[in-house]
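Paired with chain B in one complex and with chain C in the other, chain A is shared by the two complexes that follow.
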Partner chain A sequence: MNVITDTLAWLTDANHWTGPAGIPTRLAEHLALSAVSIAVAIALAIPIGIYIGHTGRYARLVVNSANLWRALPSLALIGIVLPFTSAIDPQLGFKVYPTLVAMVVLAVPPVLVNTQAGIAGVDRDLVEAARAMGMRERQVVRQVELPLALPALVAGIRSGAVQVVATATLGAIFGSGGLGRYLVEGVAQRDDGMTWSGVVLVAALALSVEGGFVVLQRVMKK
Partner chain B sequence: MSSAERVVFEHVTKRYPGTGAGNPGAVEDLSLEVPAGKVCVLVGPSGCGKTTSLKMVNRLIEPTSGRILIGDTDVGRRDVIELRRRIGYVIQQVGLFPHQTVGENVATVPRLLGWDVGRQRARADELLDLVGLDPASYAARYPSALSGGERQRVGVARALAADPPVLLMDEPFGAVDPIVRERLQNELLKLQERLAKTILFVTHDIDEAIKMGDLVAVMQLGGHLAQYATPDEILARPANDFVGRFVGADRGLKRLALVRVGSVDLQPVTTAMVGGDAAEARRRAAEDDFPYVLVVDERNRPLEWCRDDAIPAEGTVAATNGLPAAPIFDRHTTLKDALSMLLASDVQAGIVVDDARAVRGLVTADMIGDRIRASAETAAVSSGAT
Partner chain C sequence: MRTFRKLALGASMLALALSACSTGGSGATIKIGSDGFDEARVVAEVYAEALEAKGFTVDRAGIGLGSRKVTAPAIESGQIDLKPEYIGSGLAFYGGTSSNSSEQNKTALQQILNSKGGGITVLGYTPAEDTNAFVVRKETADQFHLAKLSDVAPVQNQLKWALATDCPTNPLCAKALKDAYGVDQPNATLLDACSGPMADALLKKTVDIAELCSTGPEIKTNGWVVLEDDKHTQPADNIAPIVRNDLLAKVDQAKFKDALNAVSAKIDTATLAQLYYDVAVGHKDLKEVASAWLKSAGLVS
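Showing the complex of A and B:
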């Protein structure tokens, strides 16, 4: 019963760093799943956030329902989506899409809410000055609102990305790969070294994503 | 340099939904014409509709009825984007874009108009120069690195960037301290002498209105135009009790700020030239009631005041131990400034000199007092008539 030495032994075993079940492969799977989820969430949430932030239309409705989404347990969501996606594509629809959908649902609210708040929070006098000088609405958004809302946007993406990286672990239950496999398999095989290595790796990844964004935000502030 | 164009309000009304006339910001049947190249100040208490009126010119607010012309064109019929790019706009909060440099801010409208970058930059430099900011040290700075007064200058430069015929200014100097405000006001007046734009200027400060306006539109709650006239006319003959109260009980004194020494009939002064015959000077001095003689040099420039009885009975006039020849006014001095200087001087008479500093005559506190009483009387007569 020595978790620390077991974990260290497992992590330093060269065999665990090669092959289709090795750490680099699992890490790549994990990052790919997370990156795609965040990218889809950004593609959905930022345009909607800009629209409702700029026009003020449907803002409360959208923000409130986004927060409601957030309350959905990811695991339940995977279970709900699974029958539909696997009906469409028996292979990926079982292994990858359900997790992807759950991760997108998880990442959309912070990105959306922050984008909306960032855009709507731009000083109204500035926006009026921009209009008064003859900017079209599109130019007001691009030249004034977006640059000034950028820190809020990045904060939203940061919060979404960290949640996705941490939660993508769940996908392993359904066979989507990633670092979560070590937890699932470790528990199944009663291999504490493997289980705890999974825990350490996921935590380290989430923290480095967080750290990366902190650095990015500092650079943006100049 | 594009020429200025007149701005005409024709029965312009703005009502806000859910309420009738008289709610804050509403405008009721406003008709007035600002001639091309003139400064029209819209002044009134908050909620009187002055800012609403201004924003209807560039259609940030659309009127409920009536129309506004720039030149001969109804602004409601023009493309709103194109219209706004031809109207300069300055607001109290300045509204500089914090993520852009001063140069980029100034070049906003040229950029929107698609000028090439070199021309944008040259124009920005030219305008920074115009408002008294050295482009070499200011163009690359961010607005956060400027003082309030500097920001306001940049705001004016930005509004002038595309050489618009009309400038709208909404309490442009409301957020700076009084000393800076005074300086910015003077700079704007000087700038206006050169540019001769048609300017609509909103303020709640009657003193600023009187100082800045060729014409002043006093608005009262409910969006009614109470009076539209020259500053002097408004001070001399307020159209109703509201205007009378708004311009204040000291309007006679305020009116003095509008009158310059050059426009009043001066009181003659007895002078004695240095080196002239003292006996002759003494005789002339005794002929007027004024107890002093002004000693001047050979070019008639003032040297000092000498009491009549201090002139020697014989010999020649010399500048010796009289009172200083002060205060000295030129034709640009306002009567208000003249009065305050007179109250602090030894001899209660100001010496008015021409450009060569030669004596032209005197302005006395009595003359200014008569002027205040005269304007108070005309005001009393006109308010009695209405």
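Showing the complex of A and C:
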């Protein structure tokens, strides 16, 4: 059978749009997992990025180790984390937390590195001028460096978010929900329509996230 | 400069072509594949080493390929030449009716495979059997008084289920459970059959009932209870190498079959469970486990 007709048939089957294994549910699971991962990554990476960007302390060490993190294979990380998290919570600790941890690790480096570069890249003359006007360090960060570094921050979040949305599919191997289920089950059941529908949905989602950020970045420029 | 590049490219292509010839020149390379779980992988490795000991050339790239939905088209299309097959499950996969008789299963599977991929031959099967097993923890068995699968139906919704990823479309899984036992669990957690995550899910109490292989080392290690398949839905699942006929035509058939049949004859259920245990729990290297056993069984020197 033709892959394209199989995929279209699968995607247009009304049964695949309802219930706990339906596309809306899987999409919601996927988005929830990705959103939480990105939120945690932002909460971790931006403060650190601001600190090292502003002070210049440990900058090389942190940026280099963040780049090393990127080399950690997400799949291995899920497997490594699973025994620990599942000991804490047998349900979420097995099906959700391992993937969440791996996705946070995936998203931290781009956000952190971009934040640091954005803050450190602010014109030093401007920073000195702000200090000369009597601003405290905290005010310099909030009122001068952060606004100027914002485009770089958003670019970092964008790159992290797209990676997370595309990679969160891995969790399905360990029973997690999300769009990855269609890939794992489609391959095991040799249901090409299901597999390719999963591929199409994940790609479409990643592209929409990318597109959303493009729009956001345009709006910010104005 | 440009001509030099073209020459270099040509030379490297030629070298590639030559190296491809040299491996295929003296007797064909036997491309071995297997299901994804450790037991199937170690048995495939045992067959691979037994063949190598007799001077055959093997390619192991297909070992651990995945579920039957993946391995079946692989052998039919010639991506792999040989696979250790669970004859009962294999028969059911092709729509045959598998029984408790190993010999009947083999004959029926052979009849089907005669017309698949230009002909595939089922060689001698192992005395060892491995069936799909539905397993619960001891305390779950005690709490709900579970000894056989019939006991499960009335309490099925009080249990969290983990079933194989291919379960929804596997006639021996979802369909058998529903038809024979009235068990219907469309929302079960789906994990790879007989895999680490499947056993982990039961161990960590993520689920209460899991589908494992009856030879699965975790069952013994954790004192888990295998529920008796009292309606006999799971077939006798001995393992036999299945081989493409076009490969058999390229090799010394008698020598090839003898090498594999000698190995199969010596794999009993205890051996199979031990091989599986050494790889899955002992985390020993596949090749080490396979070659150590082949030596101890006197199959290679």
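Here is the rule we use: the second predicted complex is superposed on the first by the 222 of 222 C-alpha atoms of A that agree within 3 Å, B and C clash if a C-alpha of one lies under 4 Å from a C-alpha of the other, contacts with A are read in each partner's own complex, and residues count from 1 in each chain.
Simple rule for what comes next: a residue touches a chain if its C-beta (ideal position, glycine included) is under 8 Å from a C-beta of that chain, and two chains touch if they have at least 3 such contacts.
This structure is a prediction, so every number in the text was calculated from the model and none was measured.
Room for both chain B and chain C is found when the two structures are superposed via chain A, with no clash between them. In the superposition on chain A, contact of A:91 is made with chain C only, not with chain B. Judged by the touch definition given at the top, the superposed model places A:148 against chain B, while chain C stays out of reach. Counted by residues of chain A touched, the larger count belongs to C, out of chain B and chain C. Once the two complexes are laid over each other on the shared chain, residue contacts for A:220 go to neither chain B nor chain C.
Of the two partner chains placed by the overlay, only chain C lies in contact with A:20; chain B stays clear of it.
Using the contact criterion defined above for the overlaid structures, shared-chain residue A:134 touches chain B, although it does not reach chain C. Aligning both complexes on chain A leaves chain B and chain C separated at their closest CA atoms by 51 Å.
When the two complexes are laid over each other on chain A, chain A has no residue in contact with both chain B and chain C. By the touch rule above, chain B contacts chain A in their complex via residues 58, 60, 81-85, 87, 89, 91, 93, 95, 97-99, 108-109, 112, 158, 168. The touching residues of chain A, counted against chain B in their complex, run 123, 125-126, 128-136, 139, 143-144, 147-148.
Contact residues of chain A toward chain C in the complex are 20-21, 82-83, 86-87, 90-91, 93-95, 173-175, 181, 184-185, 187-191. Remark: chain C residues 66-67, 69-70, 73, 162, 164-166, 168-169, 186-187, 189-192, 197, 200-201, 204-206 touch chain A in the complex.
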